[in-house]
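Note that the chains take the letters A, B, C and D in the order they are written out, and that residue 1 is the start of every chain.
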Amino acid sequence: MAIHRGRGFAAINYPIGMNLGGDPSQALVHSNPDGKFTVALSAIDLGQGMKSVCRQIAAETLGVPVEDVYVDTADSDTGPHDMGSFASRGTHRMGNAVIRASAEAREVMLEAAAEELEVDPGDLMTDGKGNIHVRGAPSRTITVMAAAQAAQFRQGRTIAGRGIFLIPLSDVDPDTGEMSPVTTFAHAAMLVTVEVCDETGEVTVTDMQSAYEVGRALNPRLVEQQLRGGAWMGMSHAAWETTEPYYPARDHGPVDFNSYIMPGPGDLAPHHISVLERPAEDGPYGGKGPGEMCANPVLPAVVNAVYDAVGVRIDELPVTPEKVLRGLRALGGAKPRQRL
Amino acid sequence: MTFKPISFTLNGSSKAAFATEGQNLLDFLRRAVGDLSPKYGCGQGTCGACTVMIDNVPQLACLVLAESVEGRAVNTAAGLANGPRLDPLQEAFMERFAAQCGYCTAGMLVAARALLDANPRPSREEVIEGISGNLCRCTGYEPIIDAILDVAEGRVQA
Amino acid sequence: MIRGNMVEFRKDIFADERDDNLNEIGKPTRRQDITGHVTGRSPFFDDHLFEGLLHLRCVRSPHHAARIRRIDTSAAQRMPGVMRILTGQDVPVNLNTLLSLLDFGIDDEPILSTERVRYKGEPVAAIIAETEAQARDAVAAVRVEWEVLPHVLDVEEAIKPGAPTVLDIYPGNKFVYHGKYDHQKLRLGDVEAAFREADHVIEGRYQMSPIEQAPIETCGAIAAPEQNGRYVCYTSTQALFFSLGTASKVLATPSSRLHFIGGTVGGGFGGKVDSIHEPLAILGTMLTGRPVKYAWDREEEMQVGAPRGAERWYLKDAVMNDGRILGRKFTGYFDSGAYTRLSSYAIIKGVGHLPGPYTIPNVHADVYCVYTNRTPATAMRGFGITGADFAIEAHMDKVADTIGMNPVELRILNAYRDGDMKAHRRLAKNCALIECCQVVAEKAGVKLSPEMQAASSRVGGGGARAHLPAFTATDEHGRVSGYKATNYARKGAKPPDLPGAPPMAQHVSHQASASAPPAPQHSPATPVPPGPPAPKRAGPIRFSSLSGFRRR
Amino acid sequence: MAVQVQTHSSLIAAQQALGQGGTYLAGGTLVMRGVNAGEVQGVIVRATDPELRRIASTSEGVRIGAGSTMADILASRDLDFLHPVARAIGGPQVRAMATVGGNLFAPHPYGDFTVALIALGARAVLVQGGPRPVEELMRVRARPPLVAAIDVMRPRDMRAFGWLKVSRIKPKGVSVLSIAALLVREGGRVRGARIAFGAMGAHPLRSAGAERALEGQALDATSIARAAQAACLGLEPPTDALASSWYRREVAGVHLRRLLEQMA
């Protein structure tokens, strides 16, 4: 018996959002009289952190602390139209809509503050801590709460904003495929180390080294959640999962998590992640969407690592011990490549 | 349809409710009693989202006959916090970003609590073993393992 | 090599393109929803209790393909707790495809099938009963007389002459693009010339497996009567307005009578876009006057719930000894399963993605959306891209191995750079593939040549690399007739008048005259991302193959 | 048809109730799953007899109440030789529920604990009728008798008993296959070799080929190689979502060899 070590590499890019019907998102922002803001959306938080990232974007744009913003989603009676949470569009499309809505609300907030301070709204700035003051004269200040109260009870202003983000529809040329699929791309590279047993075909992942370029990381912990969890899902796709173990036959389709196999916590491999941030010019604060692309480089990196280890190309996912063993039999035993 | 009265203790409080014939504890807790913290993930005993403690032993509520908890003590994630004071595990899960969609979280926390009650200083391998009955599709498990170890190794206080 | 589960932020790279001095952006703020998650109080769709809740379960086909001779529900009707049995006749508009809300593709999928089934698990009736157990028992008591039909399960088998036809509207089992071709084309330059010129021609075949999204929360919805003739629907959908629009269309009910609540979802990964549950749950509520829950159990989630479809890719590369890739040819087959759902669109997205993140002067792709008697496919994390990337990157490894080149250097050499012309005929910008490769190589101890180490996404692109090739080889291969381009794939027929007012269609028709809002102004002094260009409004607008809209 | 649950305080009463037809509910990991899926219908019989969870040393070895859970096994010092086996069943929750008795009749790919019991030559104490080797019960799985307890002998030499489970998922996953071996050596030679496989047939079963290859032999490279070679003789491993029959056949000998090498 021998265990063969191999390393595999893959690099990918990923379109952020899609171009389907213009891919619009809308957001509404309004303030309570005490200067606390509600953002109303119809985006879905599936775990990716939609509520949280929109909250930070709104707080940044409004110039108020994040605790003073609450994101309410998704109730079709209050949240305006949104295409949905898929295609890595959430942060990019909805984030932009939230920026626009928040900017509009901020403008009214500053007008209300300006009236109270008897200055031009253009001379005002926020400190991000709940205060509005005159640029260059921090002592001439009013709290966001006081401005909101004044707006509501004295001035009759609505501190609210509407935002929509829409990318123009793109034609697709039937003959050449010319199109504008999206406006920005995320990037990734991944190197996976595996050990392959040449008697059983079993593959053990021992290490993952990655670099992900995600535009600006709007919340580094949320980004890490996506990258770490998503890369592991990619690993699961690469070497464990399928609804059709004998594709294209439909026999033995799994009906539970004992037969639909996904790696357990005992299968985990260390994953060292490097995050690169090249802001997208039309992304919210430069953000892209890390949620989908994080899985993609893992699949090819694993098959490439298996090839590196034993010389067997698994061109049909998932990489099961059976496929590796059949490959080894066809090859007449392991032929390690060790190129990396 | 016949109904059976069940008296038991839920998170320290006495409860009584009616179970239908053959009803599992998960459905009973959620629909008859109103504790929505255990979740349905499979009804097959393979995901752990419905994990509860029965007499301090972690079990899968979807595979427990509701009437079998008569007179016993059931604890769920809803009872982990002591009033407004969260369990250190809950604090650690928040700090470690150990939840994404949050659907497995309640069951995962109960499994983790059961582990630490039985073994307050588990090794990483023992933590992995302790949560091996609970699936998480979002996180890749690492932050969950780290959060439990944070509590076990005293890095998080309630 | 750096070991362990670390995450590092390489702020040094692209630092000049960022202002990192922001108040809230870039901060590791805790999730807004985290307290709810750890206390078990986050309200998922099923965490809403209703007195008198009824349960809906479907009667499903045991066959890959069959004609339905008769559905006998009489015994089921007499079962304890059964309140109502639905068949296709009860569904106001019993034909749908998700993308029809965007006028993309023909309605092809019954909500409850009445004449034929095209995959194992296809629903033909729905039982609504007092308890889930009663619904299950009654499902087992429905008798369906089937006439089993021939079926086909493999994409390449399905497009052979004589293969069983899955959907009559697509006789060759291929979706029709632009009313013109039975596949989507991508053409840049002349790959055949590249193959003649190349030192190596390297071919490969790759198969992406079907995968279940496997959220721990299964898909479902609860509908209940609300006041004033409205219906509330708690849903696990990933796309609130897709689901609302679908329900509105299928139930011929204006969106104003529907109140959808969701947003807290136990994982989706693409599997909760299809809006299967909402229409039937609401219909059940309409017909019984009681709250109705329709959710999949785990077995249904795995076998009836739409998976990531299988994909098969053939690649052929023209490669020089020094590693330059001159040409790349793709033939791709997406297995859409028995109905279209979103696959036709995923292929557009996938074609726009080819040939991967590389600047290759000659690219040719024919990608087919193929119907088979499998569970319909739908979105999953990386939809339209993951399978293509698997094929491309496994192939890149094969190329590197064949010419004896370091696989990382092969990527850097061919990587797209700012200003390069891409195969879909737009210039690349904001590229970062090279930097990702370099960072990984450095961490993993892969030695790169000084030239590769010095490469940059921002340098060396554009110029001659920005030009379209002087000649692009086009062809009429796969031409179909009888379809009108103006009606997308609709074979001669007039589009049916949609009942009610589908909000998405309505919305989209507004956008033709909308202008983009001005870019927001805001301080602190942060560069605001510029808005997208406003849609052009001048003059008549030609047919968009993506949406099918015409503007005059 | 719905379910009706009957609870009896004694096993005898439970047995009588089952005489009218019905399903016995032990730990629930299989039967409740069936109830949830609507596959188990009609009368469900359960027993609360405290004897069911008693684990006691006897002159014959250890008597394990059939209702003992895998967690009970793990808590018993008398059963330390079975700890690696019990630990390989499910996760913590399943181990707290799944019973020794239920494992006897669990369908493929479950039943790993039974694999060990067969290798150890354990006997089932039936509520009605005399004790029967666990192995024999495998033949009456269609109409399983109610089992009160299992008698199992502690191997005199701990090294005589070996256990291995191959799974795709760590640390908890169902079997690709499992192997238990009892190889008592007298004067350096194997006497009465017992080797049982899980997931290599419709139910746990012995490998006559491997046993024959080892019988009377020293446990060395030659005999181990022969046993590995003969492991699948007469077996028809099933194909399922985890592995094909071909794969199980290909690797059963490899894994048997690895286990035997550890035991040598």
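The rule we apply is simple: contacts are C-beta pairs under 8 Å (C-beta built on N, C-alpha and C of every residue); 3 or more make two chains touch, one makes a residue touch a chain.
This structure is a prediction, so every number in the text was calculated from the model and none was measured.
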Both-way neighbours, i.e. chains that touch chain D and touch chain B: A, C
Chain whose Cα centroid lies at the greatest distance from that of chain A: D
Distance between chain centroids, defined by C-alpha means - chain A, chain C (Å): 16
Distance from chain C to chain B - Cα centre to Cα centre, in angstrom: 35
Cα-centroid distance, chain A relative to chain D, in whole angstrom: 47
Whole-Å gap between the CA centroids of chain C and chain D: 45
Residues of chain C whose C-beta touches two or more other chains: 5, 30-31, 33, 80, 133, 214-215, 264-269, 297-299
Touching two or more other chains - residue numbers and ranges from chain B: 1, 22, 42-44, 46-47, 97, 99-103, 128-129, 131-132, 135, 137-138, 142
Shared-contact residues (touching 2 or more other chains) in chain D: 2-3, 37, 171-172
Touch-based graph of the chains, sorted into line, ring, star, complete or other: complete
Interface residues, chain C side, partner chain D - complex: 80, 133-134, 136-137, 140, 297, 299
Residue ranges of chain D in contact with chain B within the complex: 2-5, 7, 25, 27-29, 32-33, 35-37, 44, 46, 71, 90-94, 96-97, 171-172
Of chain C, residues touching chain B in the complex: 5, 30-31, 33-42, 44, 46-47, 49, 53, 80-81, 130-131, 133, 214-218, 264-269, 297-299
Chain A contact footprint on chain D (complex, rising order): 109, 166, 168-174, 239-244, 246-247, 250-251, 254-255, 258
Contacting residues of chain B [partner chain A, same complex]: 42, 44, 46-47, 97, 99-103, 125, 128-129, 131-132, 135, 137-145
